[in-house]
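So, here's a batch of structures to check.
Here come two complexes built around chain A, the first alongside chain B, the second alongside chain C.
Showing the complex of A and B:
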């Protein structure tokens, strides 16, 4: 169904695409101008977080299914990639394996819990997260609780990792945009708004949720794989930690849940400030995130992106008024 | 395995089920009246444990008395939380994303306040009677567990009385069955919800105190019990008090006897596996099974 957008709207959209292309170009060439290794690392981590934030938003934001258990996919992806790399498989294959394993896990979790609506899925994800972490601390093939090391064969090239993570974040963003535009995305939003009505209109809620869960899991698993190859050492208390699952949920919500750019904003903010925050307030940082979550739920459900959007609109409006009344 | 061992395990399971019921019943009330899954329950369990601990170590108040004191204190805290936070989110007859996230945020805040105040080392409440065992023939009853079970039963009996014999109890039950109809016949939804939230949190505090007498605890204490409470109320069909009792018993039995089949490492996975089984086999909980059979007959 082709719908002609008003020319003003098309201009705005074109400007958005142009701005995005510019931003991407800057990010691609930025590390070539002597950025410090630490700055490159920070950007790398930020891209990983942006990816998982976007992934969570596909299920949680568009579909309204809150999951506390994305650490499962992140951790499984990390382990799958680590095992694959140590068997001499190329990076791309390792990342595909990461995504595949995460998709399998998402089906195992989703098949029983999506049969029922309501909070079952959300709470079950807390349980899955704990169970998988316990399981992984007891699996001897991956070193159990003491962790697993990737044996590097070549020299460490930080920029390779940087570009891989950037590419993955772009893929995630493209997937999110594509979902939002597609029939599938509309079905997800319909389910979030009213599952009965969606079902009456011919949407299969069970299958749609399962598919969104799988897509989100694939992206999150791949992000875990990218991280594992950079870190070269992973352990269950790190990649399967409940706090990782919490972080993955907080980013899109703080940024602006259910939008395209909100999760990106959330991921960027989290990626850039998280290390600083943990370093300065080792005990307090989750307290800060928790309070932020409460404030956002109560006062600004559209998140930081909504707040920024409102400010820009107010600024633009003020300018227009000033222009009109000289 | 001898018959005595079996009997010992059975009794251990029964005694455990009492605490589990107290722990879950608060969640059921809140879910029933407001359709809110109270994730902050875990935070209040933890606070309940530290409340009793602080009273005992600093003021020398007996943990049992501490548990009794925790009821009114947590009742007031619960009402305040409802007033300040929960009331602001729209009422709905379906569990909403907003309420889930709000209470999750509250859990994060409580848990990390806990870390701030008490650090992350494990604490335990040790009283002179902690290690006492009451021997009846070949069977040993740990005294603490008996006492905890007694308090749990008393709390549940009190709740049962309130729910069936008072205006507030009738209002709660009415709202649980049908929110709109309850409103039509003149139930003050806001006040009932506030008191119900207070009662729910009060039970969380009491359960926390009781659990603290049995296990060591840290600010992380509530998480695994939150999952257990949820398993129990799912087994019980989410909105039934009798269901809570049955659910507690099932979980306690499976956990206690699970030790025979599974290494202790995997214990945390038991509750989750039970949840999945319950979701797949018994969508309406055990009570749902009962209703279905009655309908068929």
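Showing the complex of A and C:
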């Protein structure tokens, strides 16, 4: 929404933009200063998760449509990119195909499932996700359950992958910001708050949800494509796994659902600690996420971002009080 | 000339319960129409059908020559038929201004009397401009009702359907809302006003439609309707005098 912000708010927003530009600049030059391949890999994975987390939040956070089925888009995007690259298509074309295939899937899934509401929609997405996984384990063109390999034709350049994933995360963030301030975003939030009331004011809920689903799918598919090109080997139990679908939903909820920065925080936290957690607690890592989820839903529904935001405000408030007292 | 709004034998079944039985009436453009009846008479169901929230089992709803049956509520909004809810449904995460903004940005396109107004002007008109940046979740009932009205106005109604907009309000608040309805009507919007509060509806309506058990019982000017024996029977109970029970206080006083 275009509103004239009071000067104080504009100052805060300018500071936010400045901070973001600084962060981006640091991320761009960071790998040039001899970061270990493992650190670069960790950042790459984090950017992929941040992208997917932001994408889920567009439908799930702004629009309130909880989907467990985003692994479908991630996996289809991964396969589309792998198939394209093996046919000699350039990376950017491969990623556009990833996004396109995911959008197509989102429409096919959305047309029937968006006639359902609330928990019924969520349950339907679980069914769809599992069906697609089973289907893909039986498609012979992509090697079925044994997976599909990208045949490398050139040398592996890790930094290329790093920058592509960073660029995609920035695109996702920009899309999320743009949605939040647009007419479309207003419709999504209205639908989340009360679908009937939104419809009674002229919002077409079905079309709006379908569009949000498609946008989220495009970003998620592209993220899958970016991942596949890095990993060079994908298999249905990996990219289509139900746990991927759950992780994609967990990140924005842990970070702060329905906000701009919450999904980013969630994606960063998940990206940075996930490998470590799986390595250290191979049996327990899901329990840890589960417990974190329960704690957040009970005590901080605004997520980690909400928590951080409150701390900063309290800190700033304390400083202001101290400054005011001579 | 075709009527402004015409209902032709509208019926609605809810899993065997017949909520509406062949209700027919016509409205002309302009004025405040009252729709009254005891609890369960089917008033809100009828309103929902006109607004596209519900689909009738049979019958037709013709608005400005267009059959609205089968149209979803957002399509009815685009035709200019906009409703408010008896139990306010604010978008709780949005501010009062943003709530109205939804109506302004998604409502009927084009201009008519009383519009060209932006969300802030509408809030001013309805008397809650001072709450513009308040989260709608923390409004009082009275202000929620005003917000319902403001949002609907934002969508630029040609026909405004008000569902018990005064229920739960104090006398002063009720008077305020009724004045607002008169103002809205003067600006060129036709109003169909469903109300349980008879005194309220008799004071603003020029034409009243009475319903009972899903059927139209009577219609006419407020005076005519008040003196109609069938209406009195429906409201007070027909055998009140013969079985010895005292009738409840005169039905116009009931509120």
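List of remarks:
By our rule, the second predicted complex is superposed on the first by the 323 of 326 C-alpha atoms of A that agree within 3 Å, B and C clash if a C-alpha of one lies under 4 Å from a C-alpha of the other, contacts with A are read in each partner's own complex, and residues count from 1 in each chain.
Assume a contact is a pair of C-beta atoms (placed from the backbone, for glycine too) under 8 Å apart; a residue touches a chain by one contact, two chains touch by 3 or more.
What you see is a predicted model, and the numbers here were worked out from it, not measured in a lab.
When both complexes are superposed on chain A, chain B and chain C fit side by side without a clash.
Using the contact criterion defined above for the overlaid structures, shared-chain residue A:316 touches neither chain B nor chain C, since it reaches no partner. When the shared chain is aligned, no partner comes close enough to touch A:28: not chain B, not chain C. In the superposition on chain A, A:187 contacts chain C only, with no contact to chain B. In the superposition on chain A, the chain among chain B and chain C reaching more residues of chain A is B. For the three-chain arrangement built by superposition, the Cα-centre angle with chain A at its corner and chain B and chain C at its ends equals 70°, in steps of 10.
Within the superposed three-chain model, A:18 lies out of touch with both chain B and chain C [touch as defined at top].
By the touch criterion defined above, A:198 lies against chain C but remains apart from chain B after alignment on the C-alpha atoms of chain A.
Between chain B and chain C in the chain A overlay, the least Cα distance found is 5 Å. Under the contact criterion defined above, no residue of chain A touches both chain B in one complex and chain C in the other.
The touching residues of chain B, when paired with chain A in their complex, are 37, 85, 88-89, 94-95, 97-98, 100-102, 104-109, 111-113, 115-116, 223-224, 226-227, 230-231, 234, 265-266, 268-269, 271-273, 275-276, 279-280, 283. Interface residues of chain A facing chain C in the complex, by the touch rule stated above, are 1, 183, 186-187, 189-190, 192-194, 196-205, 258. Here chain A touches chain B in the complex through residues 64, 66, 68, 112-113, 115-120, 122-124, 126-128, 130-131, 134-135, 137-138, 242, 246, 253, 283-284, 286-287, 289-294, 297-298, 301, going by the rule given at the top. Against chain A, in their complex, chain C makes its touches with residues 51, 53, 72-74, 77-78, 82-83, 85, 89-94, 98, 101-103, 105-108, 151-152, 154-155.
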